[in-house]
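Presented below are the structures under discussion, each in the form of structure tokens.
Consider the two complexes below, in which chain A is the common component and chain B and chain C are the respective partners.
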Partner chain A sequence: MFAELLQYLLSGLTIGAIYALAGLGFSIIYNASHVINFAQGEFIMIGGMASATLTASGVPLPLAILIGCGGAMLVGVLVAKFAVERARNASTVTLIIITIGASIFLRGIAELVWGKDFKRLDAFSGETPIQFLGASMQPQSLWVVGTAGVLIVAIGLFFAKTLTGKAILATSHNRLAAQLVGIDVKRVVLASFALSAALGAVGGAVVAPITFSYTEMGIMLGLKGFTAAVLGGLGHGPGAVAGGLIVGIAEALGAGYISSAYKDAVAFVIILAVLLFMPNGLFGKRGTERV
Partner chain B sequence: MNALLHGRLTGLLALGAVIAVLPAFLPNNFYLDIAILAGFNAVVCVGLNLLIGYAGQISLGHAGFFGIGAYASGVLVGSYGWPPVLALLAGAVFVGLLAFLVAKPILRLKGHYLAMATLGIGIIVSIVLRTESGLTGGPDGMMVEPFKIFGVELYGEKVWYWVVGVLLVGVVWLSLNLIDSPMGRALRAVHGSEVAAEVVGVDTARFKVLVFVLSAVFASVAGSLFAHYAGLITPAKADFFKSIELVTMVVFGGMASTFGAVVGAVVLTLLPQALTIFQDYQQIVLGGILMATMVFMPKGLLPTLAALFPARRRA
Partner chain C sequence: MRKGLLATIALTAMTAMMAVSGLMSGAAQAADPIKVGAIVSATGPASFLGDPEKKVLELYADRINKAGGVDGRPLQLTVYDDGGAADKAASFTKRLIESDGVDVIVGGTTTAATMAAVPLVERAGVPFISLAGAVVIVEPVKKWVFKTPHTDRMAAEKVMEDMKKRGLTKLALLSEDSGFGKSGREQTVAVAKERGIELVADETYGAKDTDVTAQLTKIKNNAAAQAVLVFGLGQGPAVVTKNYRQLGISLPLYQSHGVASKEYIRLAGGAAEGVRLPAAGLVVAAQLPDGDPQKKVVTEFTKVYEDSFSTEVSTFAGHAYDGLMIALDAVKRAGGTDKAKLRDAIEQTKGYVGTGGTVTMSAKDHMGLTLDAFHMVEVKQGDWALVK
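Let's turn to the complex of A and B:
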């Protein structure tokens, strides 16, 4: 009974960590540019596909992940520079369609480069399950949770301690004021896309041994990441992380106790329920509107 | 006022004329079929445009309403032997009630939160359609009986073309009237500044709910008829990508332009057909076109073209 619950919690925590990374990516970009980047899932896909295919052709794993990460960052910067920045003053709907266009475009390129079939990546440290209070856990899950944890702490430090991080924060609070004190806001937007892309790509690489990688792997992961970001309150970093973990764990519990067919619906049922009572998410501030 | 009425009639007559003469230029049923599909999409988009373009609210879940309409017809007629007209109405009433129930709390949300909520509803609907295979046939979809009314069976592309054509003209007429009514003005006020509209006494919530329900019902009716026409429906017709496709049509054609929504629906229905020549590059080209139009024509096709010919805008 308890072992079963623990099993669900552990698998929920694993996938939740990926949702948290994706959600954090949404939040960072939203803060810097007020854009919801629907191509976030494609960054995850690029990380997963690049590391799986590169290691298969003999590149050492750390280098493969690094290349995938660099590739995703480059793609992120290109999307920001050539699509998002140019449409700065467009409406919310227009910007949403631009990033959706970008995600379709990237999936098309990925299919061309890597093909449509599933790619396998070996687990980083073997597949012998670890027994833990009656539940068993893949060593890869530890990699996922550990990597996500380290990245999340690193992001926190980045925003709190470094000048670049503070510049991004300043831009998110007030773009014009940031510009006036000499922050290059255009570069901030590019940096935020690069950062989110890196988060997504590393997440994709560590989760690839569990989920396999394929060109459409980013669709649901991206949407769940968006759910996580909204659940925590858009633009609220720690909220996005909490949102990701909540969605992941609820999903695992839902799949275990209710119905595995409705696993993917759990996240959306939660978000609807929360938005009903808290229109700004769990941790979002109630904004006043300037007329 | 007279000029306004005049402009409305001219547009409607032009649309009617295009629909009337188009079949003469379509060489065979394949093209007629594409025209019919474009017509169905246009009906949904005209409704969605009321919501996006005039009330300034985004929905990323309208395919869900289309899907409910389609499956209501499929299931009620096929498995329970209901007359198709009754099934269509039942689907529309159900969708209307559902939209009404979710509208009030949802439309309180703004911008991206509303996008999230409608996206959630759409995805939940498509997962239910996919999973309840006993009722819906699951991922493979289900066959749908032909549409019969007063013992007459609607059959063949030629008949359906006129059915969809008349439906589209009707929907456009309704929508144009709505936009020019006091309610339409209230809606535009909501789009301009919701707070200001509230201050001058517009019941913004009521209008938003009404338009949301109306656009959902349009989608449901189009879904029902589409199901009968196609004879086969799959959950893909209700999923996230279909919703995105619909929103894209509206924005591509031009937000806050009823004829823009029609043009957007027609162009983007044709586009994938035309893109099949690109084969493996199809997604790349489609994604590229989406990005490029939105970057270079953020107002959409028809308003951008209209701005190029200022003289013609007076009509």
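Let's turn to the complex of A and C:
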């Protein structure tokens, strides 16, 4: 009984850590530009595909991840520069639709570059399951949770300690004021896209051994990440992380105790409930008017 | 006088020859192409099925034309890509019938696409050979609709036959939340009843799920289960297989024919060892005994496919090959492309040896495959091995 619960929790934690990373990416971009970037899932895909295909052709794993990261950052900046920035004065809805367009475009390009089949990436440290109080987990799960943890702390420090991080925060609080004190808002937006692209790409690389990578892997991860971000309160970093873990664990428990048929529904029921009853999310500031 | 006679004979001969050659060229011009239409999902979520199908149809249309066509008539192939959307499949079917005026349609990669096309071909009266799996396509029998792949029902039967041989009677089912998986689930439930197999668990997972340990934990804790059957396509079954080993479940694991491609073994890696599944002879071409009627066909097809595309042959490519060949074989027997005669000829297909098995159709059976068309294979050292 306990082992069963523990197994569900461990499964939920692994999956939740992935959602948390995706959710964090949504939050960073939302903060800097008030755009909900639906191409976030595609950054994850780029990271996963690049590391899987590069290692398959003999590139060492760390280098492959770095290249994937670099590629995703470049793509992120290009999306920001040529798709989002050009429509600067458009309404939020238009911007969101633009990012959806960008995500479809990126998937198409990826299909041309990498083909349509699934790519396999070997687990970073073997596949011997780790037994833990009667439950078992793949060693790769530790990599996912660990990487997510490290990245989340690093992002926190980046915002708190560095000038660029503070500039992004300042822009999120008051764009006009930030501009007045000499922050180059355009560059902040570019930096935020690059940052969340890198975050997504690393996430994609560490989850690829569990999920396999393919050009459409970003769709569901992106949607779940969005759920996580909304649940935590859009633009609230730690909130997105908590949101991701909650969604992941709720899904695993739902599949285990209720019915596996409704597993995906769990996430979307959560998002509906949040939007209806607490539109600012669990941790979002109440009554903040973001226009 | 003599000279004159000779000249006359020569002249007559020449005119006669000219007339004959004239007739012949006339005949060649009059040989209308055999118009074969195809709707496949070459892009979109089912592209791993539709893409090889499209390639095979184009490859063989080309080869047949180079070899002089069928009964001296060239083949004119029109392929449309429905992108995996049933509504597009319907509108392309309409276009094939109304503006392209095709004689026969091959295709409908997925069951959904096929079922969308069915009412249109039934109304227009165009022979239609589907490449999709579900049993609903040919049961109940529809006048103009045929199919080449094995059904999910046959897969379930084959698996349970193998279970019986091993003395197992209690099955845990884990099916995918997709058209293929749902239909497979229904058939498994029905076949289990007939064959006296008890279903002790009935779980599902999403086609894009990255973790199914929750469902598998339930099955693991189900003391009654003696074997597990997974019904799905694509990467899902590979995820299940990996999770299965992660949880250390020791029950025999069966998969459906939906994963009968090397891709599955590649994705699941070592976790796939020992997994059993029903598969067409094409998958184990090299291992078939020499006396097997399919041996020659599948070896040849594998060679042509792999030489042309330098990728591994898949059963789905084989379905398209079978569809095209059955259609052309029927054209020969019907002596033309009169649609009603062609339909009858397809229905009378008898002993056609294809990549899927030996096809003998009848008015009651528009697929024509028996359970013998499936071979039970087991994954051993990263390759398929026939279960004896």
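Following the convention adopted for this analysis, the second predicted complex is superposed on the first by the 287 of 291 C-alpha atoms of A that agree within 3 Å, B and C clash if a C-alpha of one lies under 4 Å from a C-alpha of the other, contacts with A are read in each partner's own complex, and residues count from 1 in each chain.
Heads up, the rule we're going with is that a residue touches a chain if its C-beta (ideal position, glycine included) is under 8 Å from a C-beta of that chain, and two chains touch if they have at least 3 such contacts.
Computed from a predicted structure; not experimentally measured.
Touch criterion not met for A:Thr164: it reaches neither chain B nor chain C.
Ranked by how many residues of chain A each touches, chain B and chain C are led by B. Within the superposed three-chain model, A:Ser103 lies in touch with chain B and out of touch with chain C [touch as defined at top]. Looking at the shared chain after the overlay, A:Gln138 reaches chain C, while chain B stays out of its contact range.
In the superposed pair of complexes, A:Asp264 makes contact with chain B and with chain C alike.
Of the two partner chains placed around the shared chain by superposition, chain C is the only one that A:Glu216 touches, whereas chain B remains out of contact. Of the two partner chains placed by the overlay, neither chain B nor chain C lies in contact with A:Gln179. Common to the chain B and chain C interfaces on chain A are residues 111, 219, 259, 261, 264.
Listing the residues of chain B that touch chain A in their complex gives 52, 58, 60, 105-106, 108-113, 115-117, 119-121, 123-124, 127-128, 131, 193, 195-196, 240, 244, 247-248, 251-252, 255, 280-291, 294-295, 298. Interface of chain A with chain B (complex): residues 30, 36, 82-83, 86-87, 89-98, 100-109, 111-112, 219, 223, 226-227, 230, 234, 259, 261-262, 264-265, 268-269, 271-272, 275-276, 279-281, 289, 291.
Every residue of chain C that touches chain A in the complex is listed here, in rising order: 43, 45, 47-48, 51, 177, 203-206, 208-215, 217-218, 221, 234-235, 238-239, 242, 245-248, 263, 266-267, 269-271. The touching residues of chain A, counted against chain C in their complex, run 4, 7-8, 10-11, 14-15, 18, 111, 116-118, 120, 122, 127, 129, 136-138, 207, 210-212, 214, 216-217, 219-220, 252-253, 255-256, 259-261, 263-264.
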